[in-house]
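A quick write-up on the structure given underneath.
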Amino acid sequence: MKRVQFEHSTIPYLFIAPQIAIIAIFFIWPAGQAIHQSFLLEDAFGLSSQFVWFRNYVDTIGDAAWLQAAWFTTIFSALVTFLSLGIALLLAVKANEVIRGASTYKTTLMWAYAIAPPVAGLMGNLMFHPLIGDLYKFFNAIGWDFNHKLDSFDAGFVVVLIAVWKQVSVNFIFFLSGLQGISKAVNEAALMDCKSPTRRFWTITFPLLAPTTFFLMVINITYAFFETFGIIDTTTGGAPGGSTNTLVYKVFQDGFRGADLGGSSAQSVVLMIIVLALTIIQFRFIERKVHY
Amino acid sequence: MKNINWRLASNHLILLIGVIFMSLPVWVAFSTSTHTAETILREGLQFWPGSNFIETYREVMFEEAGVMKSVLGITMLKNSLILGIGFAVGKVIISMLAAYAIVYFRFKLATPLFWIIFLTLLLPLEVRIIPSYEIVAGLGLLDTNFGLIVPLIASATGTFYFRQFFKSIPDELLEAARLDGASPWRFFVDMLIPLSKTMIAAILIIMFVVGWNQYLWPLIMTTKEENYTLVIGIKQIYQILSEGGELPQYQKAFALTIMATLPPVLVVLFFQNWFVKGLVESEK
Amino acid sequence: MATVKLNNVKKVYPNGAEAVCGVSMAIENGEFIVFVGPSGCGKSTMLRMVAGLETITEGDIEIDSKVINNVSPADRDVAMVFQNYALYPHMTVRGNMAYGLKNRGLAKAEINTKVTEAAKMLKIDDYLDRQPNQLSGGQRQRVAMGRAIVREPKVFLFDEPLSNLDAKLRVQMRIEIKRLQRRMGVTSIYVTHDQTEAMTLADRLAVINDGRIEQMGAPIELYNNPKTLFVASFIGAPHINLIPARFENKKLVCGNLKLSGFKNLPEDIELVLGIRPDFLRPDTKGQLEIQVDLVEQHGADNLIYGALKNSSNDTELCFKTMQNTLPDIDSNLKLKFEQKHAMVFNKSTGERLI
């Protein structure tokens, strides 16, 4: 905190009020509603509701469809995080090394950040379209019986590919900035201590990138959990058979399409708890090791 | 000597592949959008621009589309702009005010309020989506710009960016201002805001992109087609264009995609330095 | 232990800027060479070319009679101490010192012995398990040196290593570096902009200006016998007294001042008379008269500054005195110099004439 501060009774409250007000109305209240709703079971017409304690929760965790979505979310997040971080790191390292054309490369690799996930999803959808999609034709041509509408692995492939594609830009920007933050002198000292560039990368550069990597992991996992909603909604819609449902998507489907308010609220709350737990784990155990 | 050349060549190769990987989809989308529907059906996706550019884009912007045939491309563009700009401006104002209060004042509820704000970072909209919808509907705010923009501003990202930034401003500045008799409001207006110019610009740019690209929330709370933003409108329209009785109009679908992408991409390209700076400053 | 040779080395940057313009020198085994000069003169560039951190545009550099222009830095067997220490932030002191040895494939036990030995020599053995961010500037400096020592290289390179330390620490470390180098006998090249460091550390000194060597030799040689005005001005503290003059009618003329005892000087050009402050003495028969305006008391010796009277412009002179009676401000004083201590330079070329 700053050591010099104003001592005032009303002004800070006034300044902070707008944000708190919005948070109260559009965050706390809905969150509270979600929790409240998760303990209820509504009848078919939404006319009356019954307090059922934790039954919704039990049903959720025992539900095969929910477990499938949880499983898919885990694998999906891991793949998207790992792949988009890996690709972005590779590109950032190379972009940092070349001199000629560096700024052109950087610009063209960065701008995809501005594309909305659903838009990326729609573009991907058309590229995989049975009638006109080149990618669809390509995969079938090389012998992979590709049909993402029917085969859950193919569907998963499409969704992962698009999600990774979109996220590479953000990771690239941060990795590049992290690389440039490593002092030139340290790099030169490494040049004199170590002949092999690969070895230099893994013993000096990569450890020094750890704070950036950690930060990006948090961002990427959040992205994979939540923002990919747009991608899934515009490509597979969770199909076939709910195999590409992420937990968030399932909340949406059950709540809005399926009108199962109790169940989807319970799922929301469970999701909240998972995210909180993940965040705590990340910050408690990893963050400390990663800062110098 | 030879070793250096090999390495350099492979670096460029990798970067080129990366660039192609990232740019190709959008390039193909653009090229395909400039051809006629027949061409596309016959030959598939196009890699080179065709001659139908003006035709396609004119139709997309100015002809009615959507199930009810009530929304024009240009209307959706307008809605997206309102969302993007409104969101960005709203975010900046609210965050700056809140960050100012947190950093520069000692007051009783400071810590709990700070944690409440922090909490919003962990739990994005998607998790509280249904009750949020009900509340907004209950307040009669469905299909309104207010209802569209305001609930989105709740999250703490902007506040944290500004908090970091304010913390980096030297204490001496406040001390000098106090000696000069500045009230908290004056200090904010005369000192902090001018000093924050680059930060404000960077955040405005990022938040414009974020706002423009919103999907889930606009999807849920707009029920009338004329309120669609580009980003959600295209999904609905895609379905019609691809499956409606006549020839599937893929070129229009792609054209809409390009339009949905263009403004944020242009903003990012033109203001690249500010935008990167803003993104990177946020590393908590 | 090695010899280092620079053969007409040039460094030209892609934008055409010439940082080093054809420098040659031969450094003997175990010599402590100092490159000294103002900022931007090219001394660091020269050092970095020996290290392999800058490419050599023309000419070559030999270590132990082998041309190393195209050898990678890690293979040249040179170790460098950087101005900002450049310690690896994520490794402990031990890790920092062991890194280079590990990469060269030494056995763990051997690495341990070397690291412990070097740490003891530099008195950092208590910090071996600390991280750089837990150390003070001086301690980090020692670790940086430890990292270089442990490699037992052919050449030590120092790039202004003491610039970031406070004055007292700087003096202390300077002495330690000299002692260490003498004890280890490793050929060393040291870059600094501080002439005191240069004078006290060097076996031989190279004064660099605009990418060229103005003069190279033992410190005392450069002090007593500077070849150019630049060297005379750069070496020696306080700064040498410079009086602009011309040679007319067999006398050195400066305003109303006419000094005899000078012979065979060119008549139509601007000259500069240089006399070091140590060689001016108050004397009633002095050739130069000043009006005292500042007295700096340094304890054992004192510096007196005054404006030269009868000169054509405002020339300030300075002289050193150990006397306990100090002149009053605004008093007039006559200063005498011996003819053998007077140096005359060509003002435009800088060449020393007498």
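Brief remarks follow.
All chains are identified by letter, namely A, B and C, in their written order; residue positions are counted from 1 within each chain.
Operating definition for what follows: a residue touches a chain if its C-beta (ideal position, glycine included) is under 8 Å from a C-beta of that chain, and two chains touch if they have at least 3 such contacts.
The structure displayed is predicted, hence computed values, not measured ones.
Touching chain B and chain C at once are the following chains: A. Counting C-beta pairs in contact, the chain pair with the highest total is A-B.
Among the other chains, the CA centroid farthest from that of chain A is the one of C. Between chain A and chain C the centroid-to-centroid distance comes to 57 Å (mean Cα coordinates, whole Å). A separation of 16 Å divides the Cα centre of chain A from that of chain B. Multi-chain contact residues of chain A (touching two or more other chains) are absent.
Chain contacts: chain B has no residue touching two or more partner chains. For chain A in complex with chain C, the residues that touch the partner chain are 183, 185-186, 188-196, 199, 203-204, 207-208, 210, 292. Across the complex, chain B meets chain A through its residues 7-8, 11-12, 14-15, 18-19, 21-23, 25-26, 28-29, 40-41, 44-45, 93-95, 97-98, 100-107, 109-110, 113, 116-117, 120, 122-124, 126-132, 134-136, 150-151, 153-154, 159, 166-167, 171, 174-175, 178, 184-185, 209, 212-216, 219-220, 231-232, 234-235, 238, 248, 250, 253-254, 257, 260-261, 264-265, 267-269, 272, 276, 279-280, 283-284. By the touch criterion stated above, chain A contacts chain B in their complex at residues 1-9, 11-13, 15-16, 18-20, 22-23, 25-34, 37, 87, 90-91, 94-95, 97-98, 101, 105, 107-120, 122-127, 131-134, 137, 165, 168-170, 173-174, 177, 197, 211-212, 215, 222, 226, 229-230, 233-234, 248, 251-252, 255-256, 261, 264-265, 268, 271-272, 275-276, 279. Against chain A, in their complex, chain C makes its touches with residues 51-53, 72-75, 78-80, 82-90, 99-100, 103, 131-133, 147.
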